[in-house]
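The two complexes that follow have chain A in common; it is paired with chain B in the first and with chain C in the second.
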Partner chain A sequence: METITNSLQRIIPREANGKILKPYQGAFNNLGGGNRAAPPIPVSRPARISKQTKLCKDIREAIEKSGLANGDTISFHHHLRNGDAVVNLVMNEIAAMGFKDLILAPSALFPVHQPLIELIEQGVIRRIEGSMNGPIGKFVSLGGMLPDIPILRSHGGRARAIEDGDLHIDVAFIAAPTADDYGNAYGSLGKSACGPLAYSHIDSIYADQVVVITDNLVAYPCIPHSIPATHVDWVVNIDQIGDADKIVSGTTRITKSPTRLLIAKYAVEIIEKSGLLKPGFSFQTGAGGISLAVTKYLGELMAEKNITASFITGGITKYAVDLLHQGLVGSLFDVQVFDTASIQSLHEDPAHWETPVTYYANYHSKGCLVDRQDIGFLGATEVDIDFNVNVNTHSDGYLLHGIGGHLDVAAGVNLSMILIPSYRKRIPVIRDSVTTVTAPGETIDAIVTEQGISFNPSTEMGRILNENLKNSNLPVMSISELKRKVENITGIPQAPQLSDEIIALIEYRDGTIIDAVRKVIP
Partner chain B sequence: METITNSLQRIIPREANGKILKPYQGAFNNLGGGNRAAPPIPVSRPARISKQTKLCKDIREAIEKSGLANGDTISFHHHLRNGDAVVNLVMNEIAAMGFKDLILAPSALFPVHQPLIELIEQGVIRRIEGSMNGPIGKFVSLGGMLPDIPILRSHGGRARAIEDGDLHIDVAFIAAPTADDYGNAYGSLGKSACGPLAYSHIDSIYADQVVVITDNLVAYPCIPHSIPATHVDWVVNIDQIGDADKIVSGTTRITKSPTRLLIAKYAVEIIEKSGLLKPGFSFQTGAGGISLAVTKYLGELMAEKNITASFITGGITKYAVDLLHQGLVGSLFDVQVFDTASIQSLHEDPAHWETPVTYYANYHSKGCLVDRQDIGFLGATEVDIDFNVNVNTHSDGYLLHGIGGHLDVAAGVNLSMILIPSYRKRIPVIRDSVTTVTAPGETIDAIVTEQGISFNPSTEMGRILNENLKNSNLPVMSISELKRKVENITGIPQAPQLSDEIIALIEYRDGTIIDAVRKVIP
Partner chain C sequence: MNKIISKVKLGRSSLEGQPEKSDLTVEVEPSESLIININSSVKTLYREHIKKLVSEILSEHQIQAVKITINDDGALDFTIKARLTAALFTAWGSSVQQNDFSHPPLDSISKNLVDLKSRLRRTRLYLPGNNPYLMQNAYLFGSDALIFDLEDSVSPHEKLPARYLISEALNFLPIQDQERMVRINPLNGEGIQDLRVVMKLKNFDTVLLPKCECREDILNADKIISYFEQKYNYGQKQLALIPLIETAKGVLNAPQIASASKRNVALTFGAEDFTADMGISRSPGGEELQGAKAMILLAAKSNGLQALDTVYSDISNPQGLEQDTITSKSLGFDGRGIIHPEQIDIVHRVYQPSPSEIEYAQKVVEALEKARAQGNGVASLGRKMIDAPVEARALKILKLARKLNLI
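== the complex of A and B ==
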């Protein structure tokens, strides 16, 4: 395989899956140009003329009517997370119908989708372009999808790829907790409620054919809706699109780990002492234990100082909803929710706003939300002394996680902080060089661990924070110092056993390749 | 000028404005195909990188930044109706900057835009593609825009033309009663509140450059919003985008004319006696005096019979809002509002739903709203014995009105009724042949006048109604009988004095030309 080197000195293939690749050249160097994808022009005729209905009797009929062909690209969203039943149902039907060589373009896959491995082995699925959390990622790490090479994209990057025409979807299947027979679809009502349908909105615009699959068919018109009928070709009503208990948590819980609580405390202190805690500030957290603690601590500090935020972006949990309802934040931008309280708030509160992914994070839009955010609190599996961040592979080299909005948020916000325990199972997270670069160091301002805090001397914000906080009571140190301190506890880690063979690509939000993932030698 | 004949035997030019025209061949014969327009790919970078803001100090700066060039096409929406200040402000600035040969593509123009005539004469504006209510229409009727030929489109037809790439917009100017500095724009708040921004939504998606002009700049983020920041390049904050008193009425009033009330009464009786008044039925009315009376009478009948409608589409007025709040209708689809009560309802009630025009009526979508409506109550300036309807020209030949959603609704609904007084100023409305065909007879089921009611024998619904109601107490008669009856009152009307010269085209919703408008000999 012919390889080239990108601006981070990462070695990537010159081409993959029959396409020439563009190497990453910096976070903001690709300035757009060219034209967006141009979907086919459909036609709308009343039923008295067309003698047709969109409603199909089952998934097979919808697949037949969609005109699916061997080699096509099909897509799914992941709002049902590990409770999703739709991907497996559709793929099993597709396999039973004898289709081959399909390219799967989900926003993300979860452990529940492990049965797809068999369909990959049978040649029904030729390639996956999307995040693969867990077993399918592990399967890919061992070379299971070669000679095809999966491509992983961030939330914003996936929207960009679809909108720019890099990722053409032939048929999009949209799991919808509520829908009518014309395809208006909504996520916050129904027994399988999942909140927003934000990941699938872009698929619904650009896919040649769109199939809505619901288990709560309501009388026309379904209002409110997230996906409009004008985007939908076919509708199927089935018994169960998912397992409600696994779609969202009844409650999301803050970590009880003293280490993680200390990291959250440090993060909030940095915000407070740096002068960033100003009226109208904005931030984003996730649903992990540290994130929830940050939301809670920050909320308490805001209440104490009587400072109101303009918005929170998420990954929304009840901790963010509580801040909205206490009047401590003006609005919530919601790409996905993690608990039932957040679904109810999204349905009822006009200030809790469903946010299509292109609005949230598309670099090739006229101005996305992450570019207006002040602070992003993010995670990592590894960071390195150049502040590059890995969220995809573990230190043993296995590709076990998707990107989410990570690198989009890191690039957009004024202050991006990585909040991580300094080691996990005695494996240090700070490396000379990360196994995989997901987010480039130029977009990361701070690394916060329980052992110490490092600010990036290469970013303006990193330099400001270092200047402002170096004499504070916070344990500020250089990243090299922090690395040494952690290694004094854990010892020097072993390098993962990897072959040269490339088994997946990490695409940056601008469509360039930021890194390649190597095959694990087990 | 070389001419051809379409399927309604209307003589139209073979080409206009340098483009070959497609003749109308039937309401549902064009089945799409080809691909949609592909707008340029933009880029979104945070201000710390781009060193830019979207906020311009004045309209001139926004025009400069938009890169406007001579010959470009620019667009506006008409939600501010005759209270709009933005079209004149922008066009005067454009004229002052010395631009020439522009093509204006507003959704509609009103009498307040009369000053544009001077800019047409000066060559600043070369052509208008859009509805022209009043003085500009009259100016066009006298050949004022020749050799260019304006094109009039319906609401759905304009969305289709933009989406299909037939109408490329270089710069869209969007008057926004509320907006933030990133371009999120909303219509239902602010001193110039106008309700939905539904007409401009499609412009915001497809225009190369989008300028939001507001007189109520709010702190970021503007939530809720109708136009997302991802669609907007530039924002301008000015003193006054319009005259609130002329944007909407404080109240809309039902006609007091006994003739018009009788027509409304007949219309409701037809619905009642035909069996169409069933739970879950749907309908659309406008803001004219007869329409308001229909909404009121129908509402009273629904209450009496305890029948609930699924939705009303509009043109929303407080009469429709009252039905929503009385629980007699499940939801309102709102393309524009006509009174302040409707604005408040749109802002506050989740069942009152802002409806982008492509969702409402785009024939080249995957299923638009009008195709799911049961009944449309519509107006006309003339009808003819083939049930063709004219809403554009008066019987003296002057082009004084836009199309609105008229021909979209007529084509979509199961029952389209034209509600008109049989004569106006002693000029009969029923003709051998309408001066201009706006909606083809095949899409019109009934003509209802105070002198009699005619059902179209060429449509299935017309035949059903005729069969069901011919022996009722309603004055059902053939269209020829009705015409004779009216002419017995009015006398035979004079034909308008028209030359052969074509001064405007009426484009059907599928992009074909349904009729040409001739120059008036004054």
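== the complex of A and C ==
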């Protein structure tokens, strides 16, 4: 395979899957230009003439009517998370109908989708573009998808790829907790309610064919709705689109781990002293243990100082909803929700707004939400002394996680903080060089661990924080010092055995390739 | 070493035999040659490291032929070392030594013990002695002291591995300004073995002695500690002692306990055992404990010792902890035991001198200095006369404020 080196000195292939790749050249270089892709003009089906209905009797009929062909690209959203039944139902039907060589372009996959491995082995699916984690990631790490090379994208990067025409979707299947027979679809009502349908909004606009699959068919018109009937070709009503208990949790709970709580406290203290904590500021929340704790502590600090935030972007949980209800934040931008309280709020609170992903994070839009956001709290599997962040692979080389909105948020916000325990199962998170670069160091301002805090000397915010906090009680140190400190506890790990063979690509939000993932030798 | 006499398996594991998080199981078996098997959730990155560590420990003990099977879930080196050492000692069998403890108790105290007397002890975090996962980061949460517990939180069959784990943890963890305490078992039980192992590495400050009931208990402890200090060449370093009073008899004898040894730096109260001994249950307000607490406070303060309160065991009730600590402080206690890191900040906040307290204390000291400069023995502030107790209280507040970087 012919390779080239990108600006982070990562070796990537010159081409993959029959396309010439663009090497990463810096976080803010590939600005766009040219024309967007465009969906086909629908062939009009006026009811007055054809009497045709969009409602299909089952999934098979919808697949037939969509005109799916071998080699096509199909998409799904992941709002139903590990409770999703739709991906497996549709893919099994597609396999039963004898289709081959499909490209799957989900916004994310979960452990519940492990049966897809069998379909990859059978040749029904030839490639995944989007996100991979858990069992499928492990399968891919061992070379299971070769000779095709899957491409991982962030949420914003996926929206960009669709709009720019890098990812053309033939048929989008959209699981909808509520829909009418004309295709108006809504996420916050119904027995399988999941909140927004934000990830699939872009699919509904750009895919050639759009199939809505619901288990709560309501009388026309379904109002309010997230996906309008004008985007939808076919509708299927089935018994169950998912397992409600696994779609959202009844309550989201904050971590009880004292180590994680300590990291959250450090993060809030940094925010307090960063100069960003002022009326009208904004931040990102999530459902991760540390992030939830930060939301809670930050809310308490805001209440104490009588400071109101203008908006929260998320990853919405009850903790963010509470801040809205207490008047401590003006509005919630909601890309996904994690608990029932948040779904209810999304349905009822006017200031809680379902946010299409392209609005949220698309770099090739005319300005996206993350660019207006002050603070983002992010995770990592590894970081390195250049502040590059890995969220995809573990230190042993296995590709086990998708990107989510990580690198979009890191690039957009004024202060991006990586909040992580300094080691997991004795494996240190700070390395000389990360196994895989997901987010480039130039977009990361701070690394916060229980053992110490490092600010990036090459970002403006990193330098400001260093100046403001070097004499505080916080354990601020250089990243090399922090690395040494952690290694004194964990010992230095030996290098894992990785082959040169490339099994996946990490695409940056601008469509360039930031890194390639190597095959693991087990 | 002698010949191996028994097959041994050590370390915390689940019912299915899987090691607990950050822990490992070690199996030692007789063998004609050296066999080391390592199964680990981090083996891709740490197999060689672990193998090297095991070989080093074996050669330290001059063991050439043995079969070692390790099942690890990301344990740090100190845990691996502790588990292996404990397993080797058990496998080889060690005869319990009989010692003559007719060593005199401490008669003059060294500088390190003087320093220990005035340590800040607002919070002492209890750590179960056989759980490496809970120990690893405990020093990061800012309690004034850490208690590595060998008594109630360790089941009888885990006492031996726990001793080695605590020794290695104290040796390994970069604990800086916190007082390192070990709560041993009563000396009529496992306590002597506890001291024999944990005192060897000379890396802690204070012995917490449970179920103290009379003067002789303390004298006995003092002698045994003195014996091991000499045996292990402690030199000028002297261990402090904190008697734990948790029975009706102990409460009645608190004055004798407090004055029994120069090693004593504080008396502490244990409410759980005390209420059990009294045959009563603990109420939210703790009215049933008032008599015992008063006795311990008087005994401690009249002997120049700190008085430390019992733990607040409901970790889900921060408001209750705060209220209880406010009361505890107002009675005269200098701190309390805690069982979860989330309790630390709450207790420290209660013990923190308020800005108005600090300001008043500064005024008191200024007024006195001024008066003394003018040759007056007494001073007044506003319409209040400043006498010796007022001055003492002000100095105490300022000392604490300085220690906490508030001034």
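Just so we're on the same page, the second predicted complex is superposed on the first by the 519 of 522 C-alpha atoms of A that agree within 3 Å, B and C clash if a C-alpha of one lies under 4 Å from a C-alpha of the other, contacts with A are read in each partner's own complex, and residues count from 1 in each chain.
Convention: a contact is a pair of C-beta atoms (placed from the backbone, for glycine too) under 8 Å apart; a residue touches a chain by one contact, two chains touch by 3 or more.
A quick note: this is a predicted structure, and the numbers were derived from the prediction, not measured.
When the two complexes are overlaid on their common chain A, residue A:Gln122 makes contact with neither chain B nor chain C.
In the overlay built on the shared chain, the residue A:Ile427 is in contact with chain C alone; chain B does not reach it. Of the two partner chains placed by the overlay, neither chain B nor chain C lies in contact with A:Gln240. Of the two partner chains placed by the overlay, neither chain B nor chain C lies in contact with A:Ser480.
In the superposed pair of complexes, A:Thr3 makes contact with neither chain B nor chain C. Note on chain A: of its two partners chain C and chain B, the one contacting more of its residues is B.
Of the two partner chains, chain B is the only one that A:Gly33 touches; chain C does not reach it. In the superposed model, A:Phe311 lies in contact with chain B only, and not with chain C. Here chain A touches chain C in the complex through residues 258-259, 261-262, 395-397, 424-427, 450-451, 473, 488-494, 496-497, going by the rule given at the top. Chain B makes touch with chain A in their complex at residues 28, 30-49, 54, 163-165, 182-183, 210, 219-221, 223-224, 228-233, 280, 310-311, 330-331, 333, 350-351, 353, 358-359, 362-372, 411-414, 460. Looking at the complex, you find that chain C touches chain A at residues 21-22, 41-42, 44-49, 73-77, 136-137, 140-141, 174, 340-342, 405.
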